Structures are given as structure tokens and as C-alpha cells.
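Listed below are the structures to be examined.
Consider the two complexes below, in which chain A is the common component and chain B and chain C are the respective partners.
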Partner chain A sequence: MNQKREMVVLTDISLITAVVQRGKADELVKAAQEVGAQGASIHYSHGRGVRERLGILGLAVEAEKETIHIIVSSDQANRVFEIIYRVGDFDTPGMGFMWVTPVEKAATFIPDDILEKFAREDRRNPFDVRPNEI
Partner chain B sequence: MTYHTTRPHKLITAILPKGRDQELVHRLVNELGINSVNINFARGLGRITPLRHRGVGETTEKAIVTVLIEEERADEVFEFIFYEADLNQPHGGLMFQQPLLANTMFKIPDIEEEE
Partner chain C sequence: MPKEIRFGAFVREVNSRHRYLSYNHVTPKPIIDDNGESVPYHAPKFKLRTGVAFRLIQPYVQVRLVDQIRAVLPLALYLVLFQIIVLRSDVADAWIISGGLVAVILGLMFFMEGLRVGLMPFGEALGSSLPTRAKLPVVLTVAFLLGIGVTFAEPAIGALKAAGTIVSVKSAPYLYTLLNDWSEVLVLGVGIGVGAAAVVGTLRFLYDWSLKPLIYMTLIPTISLTLYISLNPELSKILGLAWDCGAVTTGPVTVPLVLSLGIGIAAAAGKGGDGMSGFGIVTLASLFPILTVMGLAIYVHSVTTPEEIIAAAHVSKAGVDILPWFDKTPWVEAITGLRAIVPLVLFLFLVMRFVLKEKLKQPGNIAYGISLSVIGMIIFNLGLTYGLSKLGAQSGSIVPAAFTTISGIDSSPLYNWLTGLMIAIAFAWILGFGATLAEPALNALGITVQSLTNGAFKKSTLMYAVSFGVGCGIAIGVAKIIFNIPIAWLLIPGYLSALVLTWFSNEEYVNVAWDSAGVTTGPVTVPLVLSMGLGFGNAVDAIEGFGILSMASIGPIISVLSVGIWVQWKVSRHHRKYDESHHIGKLAKQAITPLNQTKSS
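On to the complex of A and B.
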């Protein structure tokens, strides 16, 4: 059977990467989804930095980390970035840090009905979900 | 210390359901001759996941394959991964390509691979 070969390439996308203490990732991903993020991948990592500088107080900082990757449309990158910062208490030393990197293009399976919907509404890509649509 | 700057490269990342990674990497190495491939494992969640009916926040195991590739071959490799790793199928995962400011070459010694 001949399969239709069609790749929908998504542009105007950013990758948010956040490194947080182990156990915090799920809460942050949930907050990100509430403001429009579609999903996330999380892997474990081990970090060092402020923990070693805090002396005995460093014991309060978990050395085992979780690294979160979230792909978002560039339009919503600031919104997701800010909510993660706020929910993750990133202004507190040792809680974590994050960055945004550019993504040239992305591809995934997109159901036809979603494609048609976004084509009708002239949206740039299906990652651009508005909070009232969640 | 000397090092050689290289032609511009791209970083392609594919987030796949666990189990699709080994076959893909094997084909990238043997069919496209790419050695700069890395795999790490993660858990992932999305709005449309196979386990969504079990509740919001249900996660599944993922394999994240990253490929460092010359700019000229990036589109070819991107498309190869998209179709050969079944990213064009529901619950197939997500892939993306990023520019790099600098990178080093990864050259492996000329040793025959064991069967």
C-alpha cells in the first residue's frame, strides 16, 4: 500500500530548557501546560554549583536534577518562560536555571483536522495554542 | 593545542517512543555513514499521548536521539529520520533542528566494527 508521504514543517519555534531540583519537574510542566505548552520531555541529570558554595546550607539543595525540554511556538515562549520562572522560584539561589534556544524547524504527526483548523484560522503553527483553548 | 574549525553544522533532535532508537541509529550509521549520534532516555508527556485516557500528566518513556550533521546534509537527514523513525505516525514523537555556533568534528579510529 502506498503511504502518503507528507511532512508538515513547523517554524517559529523555540526550545525552553530548564534544570531544576529532582522532583520539581512535574509541577513546572503542569504550569507550562496551563499557559499553552503542548508537552515536555524530562530526563535526570546531576548538577553542581551553588550547592557547593552554600556550605552546610547547601544540604537544602538537591544535587540530583531534572532537565526539562519544552518546545513552544516563539509567540508563547515568553509566557511559558515566565510561568516556569515564577512557579519554580528561580529567583531563589539553587532552585534552578533555564534558557531558550532557537529552533529552525520541527516536525511531528499532526492530525488532518487540526491542520485544517489552523489553516482556516491562518495560525502559524499548531504549537501556538492560546490559554483559553486549553 | 590546535583544532580545526568545521563547516557549519546543525543539531537534529528526535524525541521518540522508547524502542525506536536503536534501529534508527543503526540505519543512520550504516546507510548514511553518520557517527555523531547520541541517545539519552527521558520521560515525556503531551496533550495527545497514548496514555492520556489514564489521566493528565501520564508520562511515557522516550528515547532522545541527537545527530550532529553538516548543514548541507541536514535536510536529507531530517527527512530520513522523520520517515524511518515513523514520526509521521500518531504518537510517533517530535523532532526539531537547531543551528550551532561552533562544533568539533567527531572522528572515530579506523577499526572494523564487530559483528
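On to the complex of A and C.
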């Protein structure tokens, strides 16, 4: 019998990355969680570009930024994308920029009941070939 | 066996109408000149419609406005409601005071933003590059001059000058002359104290001196000088002022600028990684000015007599009927505002240009920040005169009506003597407790302390300890004015017990406790408490109403040190219990001795 250790790989994932002014991230993450996002990681960063093009109004924009990474299911992606746009006032210059990237796979702790309900065995990504199987 | 699952089972949902735009249409096409080389692209400035510009500015202003409203409004409301409900008297000049409070809010908003944009980058640049480019004596000179400059720029210093107009020349001539004729020298004296503190604090960072001996060495001469001055009946009236000056200086300009220089110097020397390094300067900056102001008072005592001062005051009052334009109301404030900021900026600029030989990175931003802080200072000074000082003086003069007869209030005393006295003291205690708990700087200190002590000293414990100390300090200060207790009788035992507690405390708690006193006195609390004390003093015919702030400084030192010792004891008891319950002491001995014996045999 095969006694290999088991691991669960998540698929159908999108990564939403949003860059906003420092201090705004918490509000946006909270809004994203309300539409189903599980969590987020926030990095401090420093931006250049749009702020300089605003002239004197650029002083109203904080140069220090927070970069939010949110992993969402591909079904959720649009909802989270939209809520961040709306809550973060992205239709105003200098307020932020975000993008969505497809993610090949991810892994983390999955509760047992969800596993039993949805997990299917070994429907692997065809490109993912492990060396010991060749 | 690897498994794959679908992450979600939601239906794809889209709420807004998406319009798509290719980014290729947005980015510029490369331009090739005649020689076949590409021309560098410069992005044009945005042209914004008014609506968009408004949307951009609105959140920026809102956040900063709300911050200041939070600092001013609860305190002002507390004073006004107390006056109306408990003391049953209306607020006189309500419109002027409201206008003044609005000016304080706007002024502080502009000033703090200007400080952040215009002055802080200077301070940070100085702190990070000065120590590497200049020799230690130059660095220390700059630190000293910076200490003087920031004192003049401190918004609460204006409150001292405003207080000078309330003091009566007959009952306290030296106090009057210090606050009126010598007011500039007084501020300079305070500045020299802060400068000296910056120098000693920087050396402390550099050579890792412990704060304890510094405190002993500063306090022993300060207390002896206090004792000496308290023996002279005329001079002793300035003691309250001298000790209050310490609390006034440590505000939103001094603390960050002096700290950033000190920390920069320590970092350049490879020291100061232990998180404790930011502490101490605030303590010294609130102790040294006490010494310099007392020295100044002794000097003034040696050159003039009370009779001369009273005579001179009468002459100046009788002689000047029409004030020159620069002494009239909007202009005085404007000139004070300019005089507060411009020298500091010039000094910082000259150091940047000629000592560091460095150009300003964003001159536009810095010019914007500095003009904002000057405008803010001017508006704040106006608001100080018409809002905070007036409101504080008014409440101070009406609160005694709770227990004693005050002319102008018909039904006073409103309550019987004991109840009224309790009400007045409770009023003072709640004022101190509430104002301190709301101070944003205290919250920041609490977070730092919690992480420094690995959670043994909780943030809320510190905040309540400090607020409790300030509340008791202000209550004792008010009692001092009511019963006319000489301030030396309160200060000397207070600081002596603080010294004893310091002796028994950990270095960390000593740092935190002594700094907490300086942190709590912000630009709103200081003028309010100062003018309240003076109004209170005038109403009960006390000689002078200073000293409340100095009691508010010693209060948290004692309370935080005591809590610190309690936490220390709790931690050590916990460790001892843990050791006992695991028999670590015995077991370890048993385990080690046979091992050693076997080895030796």
C-alpha cells in the first residue's frame, strides 16, 4: 500500500494585489473580508509616479504605501476586485492601483469537513510532473 | 496521495458594469528623433476637474481635522458642561470662545501637517547624516542650538506669555516681571535647559549611560535650589512657574526633532539597537529648564527689587494708551507665529547647507510645510488667546463658587463647604484623568512599553497608571491653590519619594516612568490647565496659580514607578513559584553534583 504523506493543493486561485496609501489597508481588507476574502498580507512600500504628476495636489497623497496581497478563489475575484475599487476610491487620482493575477496553485490548512465534501483524488495539473514518477 | 479541490463554490458575480481599455492605448509610444535615438519621455501633469480635485483633498483634510477635533472637543465640552450643569452658570463670551476653539483646531491641524511635511524631513536628514559628516563637538553644538530653537517653536510656550497678563504685579512682583518684562529671556532660559538636555541625552545614547545617576545628579541640585528659593518669601512665588516650565516644553515639536537627532547620532555610532535608546531625553528636557528658570529668577532678584518692578509696571500701564500696530491683536499673534518658526527653519537650513553641504531634496514640499506651520502657529496663537486660555480661566474662576463666595455669582457658595470642595477636587481629577487618557502620545508610549517589557507591563496598565497619576497631580495642584500650600512642601517630598522608588526600580521602568510625565502634556492640555489654575488662583485670592502642571508631572512618575515595582515583584514571584513547583533548584543540584563526582573520580 502506498504510504506517502498526503498534501492538499488548492486550485482555481487568483491573486489580487492593491497598492494604497499608508493607513488605508485595514479598511480595504475588512471590506474584502466582508465579501468573502479569507485574509490578506500587507507590506509597507514606497511609491513614485502619479503623485508627482499631481503637482501641488500631490501633497494630499501619502508617498508611503501599503501593498495588500489577497488570495481569492477565481469565482470571488471580481467581487473583491470591485469592492476594493469602490471602498478605496480608486476612481480618484493618487488613491491606488490594483491588479489580478492568476495563480497556479497554493497550499495551506484545510478543515476536514471541506476536504471530505470537495476534494477529488489526484486530478493533477498535467504540467506538474514529479521526478520520481518519470 | 495528493488531492486537488476547488477553492470556492460560488457563482461568478459582477456588480458593476465593466468597460475595458487596453493599457496599450494609455502608455506613450516611443518617440525616435532624427538620429534614430529614442527621446526620453516626460509624463505631463494631470489636469483635474474641480470635482476630482475635491475628492482628492477631502479625505486628506478630513482625517487631520478629525484628529484635532478629538483632541480639543471632549475637553472643551467637559469644561462647558461642568460649568452649566454643576455650577449653574452660563459661559460668558460663548461665541468668542467657540470661535477661538475652532481656531485652535484649525491652527493645530495646519501646524501638525506643516511639521510633518516641512520640519520633520529636516530633522530626519540631520539625524541621519550629521553624525557621520561632522565631529562630535559640532554635533553637540547643533543639538544644543536645536534645543533652543524648538523651544521657541513649541506652541504651548505661547500659553506662558498669555498667562503673564493674568498675574497681579502687587502680590507676586518677580513672577510678573519674569512673565512680562523678561518673557523672552525666560523662554531662552527654558530653551537653554532643553538644549543642555539634548546634549546630555545624546551623550547618554552614545556612551550607554544609565538614566538613574543622571536623574540623581539633576534632581539633587534642583531640589536644593528649590529649598533655597523657598526660604526667600518674595522669590518663592516663582517656584510654581519654574517647575511648570518643565512640563510646558515637552510638546509636539521638541520631542520628535530632538529625538530624531539623538537616535541618528546613536545609530551612526552603532549603538541604540535596544529599543530603550529613545527614552531619557524627554525626562532631561523637562528637568533642566527648571534649573535654568530658577537660576534666572535668582539673577532677576539680584538686579531688581519688588518695589522697582511695581513702580515700572504702573508707569507702563499709565503711559501706553494707544498700542502701536504690532501690539494689536491679529498682528501680535502673527508676529509671534513668525518668530516661533522662522529662526528654527533658518537654523536647520543653514546647518543643512553649510555643515552638511547638502541640497534640499524637495524644496517645494518643504516650503509648503513651513508656510503651513507658520499659518497654523498664527491661527493657533489666536485661538489660544480667545479660546483655550479664556475658557480655562473662566472655568478656573467659577469652580471655586462651588464652595466659597465669589463676587459676580449670585448664589455662591452653591453647595456647603465640604461638598463644594469635593466637587472642585473631583472636577480637577476627572479633567486630568480624561485629558491624559485621550492623549495620542500616551497610546503610542503604551504600545512601545508593552513590547519592550514582553507584555509584563500591559498597555492599558500604563495608560491608566499615567492618567491616574496626572489626575491626582492636578487634584493636588488645585488643593494647593485652595489651601495656599507652599509648592516646595509638595514638590520636595514628591520628588524625594520618586527618587526612592527610582532606587528600587529596574532601569526600564525608570526610563518609562520619568518619560511618561513629559509625554502627557500636549498643546491642548497645557494652556487649558495653566489658565485654569491662574483663574482659580485669582478667584480664591491665592498669590499665584502656577504649580498644577508640575504636580501633574510628578503624579505619573510616582504612579508608574509604583506599578513598575509591583509588576517587577509579580514577575519575580511568578518565576520563584515556577522554580519551586518544578523543584528546579534541588533537581539541578542533584543532577550536577553526581556528574561532577563521577568525572573527578
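In this text, the second predicted complex is superposed on the first by the 112 of 134 C-alpha atoms of A that agree within 3 Å, B and C clash if a C-alpha of one lies under 4 Å from a C-alpha of the other, contacts with A are read in each partner's own complex, and residues count from 1 in each chain.
As a convention for this text, a contact is a pair of C-beta atoms (placed from the backbone, for glycine too) under 8 Å apart; a residue touches a chain by one contact, two chains touch by 3 or more.
None of these values were measured; they are calculated from a predicted model.
Of the two partner chains placed around the shared chain by superposition, chain B and chain C are both touched by A:M7. By the touch criterion stated above, A:T92 is placed in contact with chain C alone, chain B being left untouched. Look at A:E104: by the touch rule set out above, it reaches chain B but stays clear of chain C. In the superposed pair of complexes, A:G39 makes contact with chain B only, with no contact to chain C. More residues of chain A lie in touch with C than with the remaining chain of the pair chain B and chain C. Look at A:V29: by the touch rule set out above, it reaches chain B but stays clear of chain C.
In the overlay built on the shared chain, the residue A:L15 is in contact with chain B alone; chain C does not reach it.
Once both structures are placed on chain A, chain A residues 6-7, 13 are touched by chain B and, in the other complex, by chain C. On the side of chain B, the complex with chain A involves touching residues 10, 15, 40-47, 49, 56-57, 59, 62, 64, 78-79, 82-83, 87-99. Across the complex, chain C meets chain A through its residues 1-16, 43-46, 48, 52-53, 55-57, 59-60, 117, 365, 368. Across the interface of their complex, chain C is touched by residues 2, 4, 6-13, 36, 49, 53-57, 59-61, 73-76, 78-79, 82, 85-86, 89, 92-95, 110, 114-115, 118-125 of chain A.
Interface residues of chain A facing chain B in the complex, by the touch rule stated above, are 5-7, 13, 15, 26, 29-30, 33, 38-43, 69, 71, 101-109, 111.
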